[in-house]
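Next come the structures, one after another.
Two complexes, one shared chain (chain A), two partners (chain B, chain C).
Let's look at the complex of A and B:
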């Protein structure tokens, strides 16, 4: 039973991070290589707001999430907007540069020392006993819950929301969408802000569960594998990819060799690229265009 | 003012500034350091460099060494071998440093060592793991002030476990998937068997891991009553916390990196022990107050209790330069380092003493700390125990 819980938690972490990659790719065909750094920045923002709202954890989290949305909009309006009409590669390289910039900024502002937002918020993270004797920490449980909520909301938003439908339209054919009067800049800015929001939420919850340091960048990068395995333009794919990668990782740790856990996501990724390059639920024509 | 006149003024000003800087450099001891100021290991390697910088600034403010300033050039390598190699080359060929220092990941060592050998300039490891070349018989150019030393750390830890355990020891071992950590834990596994303990599981955890619970689950299933971890702090403490969340109630002992003091106070777990070669600030020695005061006035990014490694590096550097005299080239500094004996004023259990064959220290001391819930404070679980380094 503990293995099932471990898979659920790891899959939730990957899925929450992966949906940020999918959001931006689906709308603008850009692979955001700074997603890990943006997630880390969100967690550091929480660390800062935690000191401002010491006895009000919900206010601190809400303020940090709001700031992360602003960061997402700023990244788009100040940098990514200028990449419109340029080669996709130029946009990807811009995200790489954003990542490097953010990593440096984080050290300059917060130092590279390990931080504990949970402690700053004066909260604790007890573990709860589940059926079958399995245990889960409160923060890990929140990660699973948040992932379910985020995906549920995204499905509803994209299917029924006015802006969600506009985002889908822009993703399917940007030129046609623009000709129909859809404001592409607003749609792209929304995609960047939502992506940063979900990434930051993941970063914050991971930091609350197990502390915060620069290694979060690598965790963000690892979530790229589930997104690709599932299909870069599919949310269902991101969920399934996260579940597959997490299960493979946990089983490898438990039954084969813990060292394999680092390799397994990328082995699956390579296998998927060989067999079905557009991923489990991805669209074939979309990948051809990349 | 015409453009030509302006250009001429700029050229004269630049050459004057360059000349002045060269003159200042010729009138100072030139020391270069490459380290991971940013990147994944910056939390471990950054504070020692900052501690060293604060020590040197303080020394320069009081007249330097032998009446000369120490000019410290610090370059960031982000823990990447290629950047460390470029830094070393620049420091040796452009900045003409007489002593090269490094505080970075062990993967950066090989290119830096190669550059140091090519230039025949001594290399001092500080706040980063000591390579085997500094232990007897030592490489003539390599020296190390860092607290931890492979082999000795495991022996001291296992001796503490044996002495403290009230029942037969079923030992779990935790390493990070980097060569040095794995090597030490493999060594500890062999030693533990020789000491009559039963190693029940060994988890080698890859660096940056999203969730440590799967590793802790496997470890807990093996039912250890003691766990020993020798790895970067992140791996050590996150594995412990994951074990506790799984309701594991055994004893956990781990290496006391620079983060140990604040983490002991955060975790408040009586059965979480840290073993280390540096005293903690809770001991409240005069030297601790000295460091805290210096850090307070230096707008440091890291807390004072993380500066010990850098402070010791500064003490050794000061002693070596004092003994090398003025002017001091790389050869004189190397010769001075070989005879260094520094009283660490309680920061370590004994002096840092080097000889021709031993560039680690003649005797390595260990102390164990843990949290005492009754006193609500960090206390010593075992006072200094010394091991001869041979």
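Let's look at the complex of A and C:
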């Protein structure tokens, strides 16, 4: 029973991070290698706002989320916008460079030591007992809840929202979308801000649950595996991929070797690339975008 | 190679001139002067400067091989650190397990590299661009995991010690000897690369990079040449890793992080895509960059305050410089060099004549 809960929590973390990859890839066909760093930045922003709004945890979280959205828009308008129409490699490397820059900045501003935003917010993280004797911490439960909420609203937004439909159109054919008067820059900026928003949300909740340090980057990188296993342009795929990867990882840790936890997602990723490069639910596209 | 007409009116009139590595007397003189400077350097440099030079040489071998793969064959690889690790670990394991001498371990490392090259290259037959980058990245993690697993299983959790290689009973520990060995290795790699690019293989790679479908229509075996690019590049990279292991005398997975891969990619970018000279320049630039940053930081007031966050400053500055290159100088250091050259070639005019405007 505890295994099921562990899988659910890990799958929720992966799904919440993976939808950031999917959002950006679906709209602009760029893989954002800085996603882990951006979510880490979100968590550190929470750490800062926590000291500003010491007794209002909710307003601290809201302020940090707002700041992270601003960061996402800035990253797009200042950097990624110039990369439109460039080689894929150049765009990917730009995100890599952003990631390195952020990693350095975070250490310079907040130091490399492990931080605990939970204590800064003066909250506690009690462990709850579920049916069947399994235990789950409140923050881990919040992650599952947040993932469900985010995916629900994303589905609704892309299905019915005016801007959601514009985003889908831009993803399907950017040129035609522009011809129809859709503001591509606004759509891309929106995708980047939504992506950093969900990523930062994931980063904050992970940090509340288990402390905050540089290792969050690795979680962000591992979350690319579920996005690709499910199909890089499909949100349903990201959910399924997160479940599959989380299950495989938890079982590997439990039954084989804890050291495997950093490799299992990548092994699954390679297997998927060999068998079905476009993923479980992704659209089969001409993989010719060098 | 790039055969732009020079302002001096140097034209090649027969095939021997076209094949010659060193075309003009000026080039010959400058090569000799450069080699002399390189030969004198270890006798006037401090041990620290000597170590820096050898580091640049090691990086040059790796960046040359990555340049062959990415700059000429057009295949993206984010698994370079994994290949270097593979070469280093081959040496470490062979030395620890069967106490093998270097004339067994070095070819073995090259063989392991070539075999891994096939593994890394297989996805390239089906995948391109982003997907290829991801698959090589994933393989990097698998190789690093295998190395870490070996370390913990055999009880070398802090790393594997490697004795210096011995030739006729003498152990090579002297920094100057290492300098010349690695200089020779870089020169050999450079010559191999230059000549490889002038053969059918090199032309096939460029055709694949320019346009795969057209290359196939021209009768080039895409699959074979792609795999060949991965195999050759990986074998050279693994050799660089093996030399690194011997030079440092110590192998540990911590040294081969994702950051190392990014550094090598940065060398290719900063140097200039599709240029061997760029690979060398980029290797020098990226290797010396952190030391330059350290120097600058120590000049600032309250230098001691920054000592503890030096690596963070390095990261931030490195990311910033990479961004600047990608945004404003995609042609890299070689691009800057060419622009300077052209400035003097066309002086006092600002632009080259339209008819001769070739890239």
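FYI, the second predicted complex is superposed on the first by the 285 of 290 C-alpha atoms of A that agree within 3 Å, B and C clash if a C-alpha of one lies under 4 Å from a C-alpha of the other, contacts with A are read in each partner's own complex, and residues count from 1 in each chain.
In the analysis below, a contact is a pair of C-beta atoms (placed from the backbone, for glycine too) under 8 Å apart; a residue touches a chain by one contact, two chains touch by 3 or more.
Here the structure is a predicted model, which means the values were calculated and not measured.
Engineer: Once chain A from each complex is brought into register, does chain C clash with chain B or fit beside it?
Structural biologist: Chain B/chain C on chain A - steric clash.
Engineer: In the overlaid three-chain picture, which partner chain does A:9 touch, first (chain B) or second (chain C), both, or neither?
Structural biologist: A:9: touches chain B, not chain C.
Engineer: Applying the document's definition of touch, where does A:152 land relative to chain B and chain C: first, second, both, or neither?
Structural biologist: neither
Engineer: Can A:210 be said to touch chain B (first), chain C (second), both, or neither?
Structural biologist: Touch status of A:210: first partner only.
Engineer: Would you sort A:262 into first (chain B), second (chain C), both or neither based on which partner it touches?
Structural biologist: A:262 sits against chain B and chain C alike.
Engineer: One more residue to check, A:112. First (chain B), second (chain C), both or neither?
Structural biologist: Both chain B and chain C are touched by A:112.
Engineer: So, A:104: does it touch chain B (first), chain C (second), both, or neither?
Structural biologist: Both partners.
Engineer: Touching chain B in one complex and chain C in the other: list those residues of chain A.
Structural biologist: 103-104, 107, 111-112, 259, 262
Engineer: Which part of chain A faces chain C closely enough to touch in the complex?
Structural biologist: Contact set of chain A toward chain C: 29, 31, 79, 82-83, 86, 88-90, 92-94, 96-105, 107-108, 111-112, 221, 224-225, 228, 259-260, 262-263, 266-267, 269-270, 273-274, 277, 287-290.
Engineer: Which of the residues in chain C end up touching chain A in this complex?
Structural biologist: My answer: residues 70, 74, 76, 123, 126-131, 133-135, 137-139, 141-142, 145, 148-149, 152, 212, 258-259, 262, 265, 269, 309, 311-320, 322-323, 326-327, 330.
Engineer: Using the touch definition from the top, list the residues of chain A that touch chain B in their complex.
Structural biologist: Touch residues, chain A against chain B: 2-3, 6, 9-10, 13-14, 103-104, 107, 111-114, 116, 119, 125, 127, 129, 135-137, 140, 206, 210-211, 213-219, 222, 249-250, 253-254, 258-259, 261-262.
Engineer: Once bound in the complex, which stretches of chain B touch chain A?
Structural biologist: Per the touch definition, chain B meets chain A at residues 37-40, 42-43, 46-47, 177, 203-215, 217-218, 233-234, 237-238, 241-242, 244-247, 259, 266, 301-303, 306.
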